[in-house]
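The two complexes that follow have subunit A in common; it is paired with subunit B in the first and with subunit C in the second.
Moving on to the complex of A and B:
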């Protein structure tokens, strides 16, 4: 088991989409969509550097994040310039964190009401909840047989969430790195 | 801890929700009298009983309907917002 760590994710391209035809529009561009709200898909279980994460936040709402070397969202953003009917882009400038390692569930139990330890990852669950009073989006993932949590929040709450969550991580013997946003 | 069942996000502590008021049908503003309209805008029924209410799950911004017995503060059922368009049965 790796050491407990909270890391601020490097900047990646992100896109939100809403609208009655958003799913249809994405599917027509070859994007594999999660079938049900509050789930996510990833084209590769290995989470390659260019892999696109697609999360379904509701029946007609999606959140997408490209991998470090990904180009999918640049292509999609260009196509959105045509203003397709029933598809509405949502600006996503979230701060993103990755939390994982030993005692990770001990940290989460102190800052959030959701019991993440009891979650089964088979259905690719996505959780929208409050953490230290901040609305967050959480995607639990299993990387190298270890559970990691990717956490997104509104950028205005990013420094507060990072510092507060980082303090709990450090109290539990872990580390917090990254403040560049 | 009080738990509320969100139709989208499942059971969550009530701290994750915001109350949006009782669901009330508005009179037609083009045909109703000033007295009817002002009553709709300013008056609320404080009588306890089963009532339909708007609630919002703050973390996801999801609005939904709660049927709540305000006498005992017990949630009887929750519904997605579409239930309002389809028509809610009498509480």
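Moving on to the complex of A and C:
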């Protein structure tokens, strides 16, 4: 088991899409969509550097994050300049964290009322909840047989969430990197 | 006197070393494993506390972490619960609620004036308005428990969420067997008990070991289940943290709480509950006295007698309230030991010795009808009196969970009647008293709870309640000189409850509120049952007809530090936060944001810095971070329609590329928010809200949109966009060098919105005039905000740019007479009163608040928002100071400042309409009581024709 660690995720391209034709528009561009709300898809379980994560927040609402070397969102953003009807781009400047390692569930139990330890990852669950007072989006992942959590929040809450969550992580024997954001 | 015996088998102490501590300044010794109470008891300390009202000396009553007698001040921490707090070396312990120390407490004189402090005294005393301040001062001085040390260090106590399939509350025989049964069914179990150790409380040790060894059972010793909330959320209070436990099902094996007998002086040091004495003896090797009398009404008294005798403690007599005890080996064993058994006798009064502790018990015979013969009393010398007369179900948490109870005449106890789904009860709470039956009942409840949570199948064997009645129906003995206490926390005597009932407070709820019975630290654990019995007898009804009161969470007192947890405060910071810090920002809270109040500059005072910031905006250029404004996008064919319906203005005719002020009202016509609405395309609007209003406005718009079923979509981008106001006569010139947008008036007029690039970053610019100068509100993606801020700052620096904070902005907008929603308006202000009818399109077919506004208009304004000015610079009133007219309140100041640009002090005020005329002199009462002169003045105060912001030229 790796050491407990909270990392401020590297900056990546992110995009939100809303609207009754958003799913149809994405699918037409070859994006594999999660079938149901509150789930996500990713072309590779290894979360490769150029892979696009697609999270379905609702029937007509999506959140997309490109891999570090990904170009999918640039392509999609360019296509959105045409202002397709029924498709509304949503600016997403979220802060993103990755939390994982030993005692990760002890940390989560101190900051959130969702029982993450009991989640089955088979269905690719996407959790929208509050963490120490901040609305967050969580994708649990299994990386190298270890449970990791990717957490996104409104950027203006980013410093608070990072510092507060980081303090709990450190108290539990872990580390927090990327404090400066 | 209590004293320590040799170590009993299985005691909880480690006697290999001693711990030194002080109590009331005197040094004592205890052992590792002692609690504060057990160590003091072992040391034979005669008093531990003074009572709440009469300041009578008190010692241990329950030793069950319930009564107020064992609350202490420990190392500066108030109300430490001595029964369950482990002794530490060097502890400094003192009594609470005393004046001059425990022994010489000056307030003990109050005991002599008890007749002057009848029930309901507070209400009667507070009735007089004239005397209220005097009473208030006196009560504040006299009452209370521990003393809060304001300088004490903050202890962060992490909270935790917990999850289990089955939560079992209580780890006695029934709780243990319930936990094991649930675990055997495959459930994950949490087992909670308030005892410091999970020792089984009479259960077979094999079960205790099994629970400790089980990997499916998580143990929570020293933990109180203090509150029940919906969906099986239970607050678990441990010494160091609060756990919010979510369970699939809950088993209440909370047991019963021993109840005192009520007789004169039943509160003397040395009078205690038999269960408490038994625990002190078994766990800590402390004897309650050297010569003990037991007041009995159940079999437990005899078991206690045997336990005491086995440890060499003399039992002078068992005073049996019943005509005869049951046939039982324990009774026979007591008789065989030669213990004096006095059936059909009652305690008449406890007698104290010179030191105030028990020296004897005067008893009296009871006739066949149970009436006491006070003419035939006799005294038994003793130094301790143990009470073993009955039990009450610990059902408060069960009631919080929505369960209901009925009163069993056979058991003289409330037992569960209706159990909500997922709630199960087991053990003595069910009236099941012998150990084997409790184990069986626990197994049944555990299996049922597990099945409810989806594990195994429920058993169906019902366990019959006890055939012996463990409680006396009326263990209450009257005495002409009273001092027969029902509630030890609140010093309530029998006569207090009688008087309350006589005064008409004769339901259990009213009696509780009027007499305060059950409202002390024990929350009625020792008093509610006897109070109900007294009330039932006074009314001539059964206890069943009165019912139990339901305590609110927390049922058991919980330290505030556990509730405070780590004190997380979700603070928002704009993307420019780091830049503000490096510029010397002095922070202030604005809603849940932190914002620069002003920027401190070396050599300048706060006022000088704010003044300089204002001057920069008026004379050259200033830059303020307005990223805290709510920022919402609305897309779709019905976007304009939605805005028309929720804002007072009209937006369907707003041209693309233009903005319009937006005023939002609730259904009652009260102003709740405002902002600027920009039309970016036919179907796309972008608008701002107040800093504190973004979440509320967004939620409200979503609600209306869902209700009306309009074809549009809302997105809250407040946190995802940075925004600045770049304002001042030089703003256009400086910005022009950084943008590809044509800033000329004819291309970008006042109130227009344009999209383009600023410093190479895609931006939306709105030409607005909140501060009354030529200015541009620049909105960019949050991540690029720092770049744009820096570019503006760098470009403006050679032209005397200053960043300005919230205070400077408040001065600037006040000079313009702009109101701030929530500061200059209140929870009743409508647009008519705020002079904002210009922003209301009453001719629209509908908007939220329109109907109410028509009614309010017809009624006329209750108040009017006006400008005011002051002849003198100082003193100035504060915001919310009252305006006085003919000795009555006629309004209040809502904003005030000194304006360097105008060379006078100005403000806004809400005034009675009859005073709201320009030129009218008014008077404002300030802090020292003086009346300050002011005059109603026209607003805006500065550039009244708005020329500076419209054309960018000097007014």
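We adopt the following convention: the second predicted complex is superposed on the first by the 180 of 181 C-alpha atoms of A that agree within 3 Å, B and C clash if a C-alpha of one lies under 4 Å from a C-alpha of the other, contacts with A are read in each partner's own complex, and residues count from 1 in each chain.
Convention: a contact is a pair of C-beta atoms (placed from the backbone, for glycine too) under 8 Å apart; a residue touches a chain by one contact, two chains touch by 3 or more.
Nothing here was measured: the structure is a model prediction, and the numbers come from that model.
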item	value
Which superposed partner A:37 touches (first subunit B, second subunit C, both, neither)	first
Partner chain in contact with A:154 - subunit B first, subunit C second, else both or neither	second
Partner chain(s) touched by A:115 [first = subunit B, second = subunit C, both, neither]	second
Per-residue touch tally on subunit A - higher for subunit B or for subunit C	C
Subunit B versus subunit C as contact partner of A:136, first or second or both or neither	first
Touched partner set for A:11, first subunit B, second subunit C, both or neither	second
Partner chain(s) touched by A:58 [first = subunit B, second = subunit C, both, neither]	first
Subunit A residues contacted in one complex by subunit B, in the other by subunit C	113
Sites on subunit C touched by subunit A in the complex	158-163, 244, 246, 566, 568-575, 577, 593, 627, 633, 635-636, 681, 713, 715, 717-721, 781-783
Complex interface listing, subunit A residues touching subunit B	37-38, 57-58, 113-114, 127-130, 135-136
Residues of subunit B that touch subunit A when the two form their complex	1, 8-9, 12-13, 15-16, 57-60, 62
Residue ranges of subunit A touching subunit C (in the complex, touch as defined)	11, 16, 18-19, 83, 88, 90-94, 109-110, 112-113, 115, 117-118, 132-134, 154-160, 164, 167-168, 171
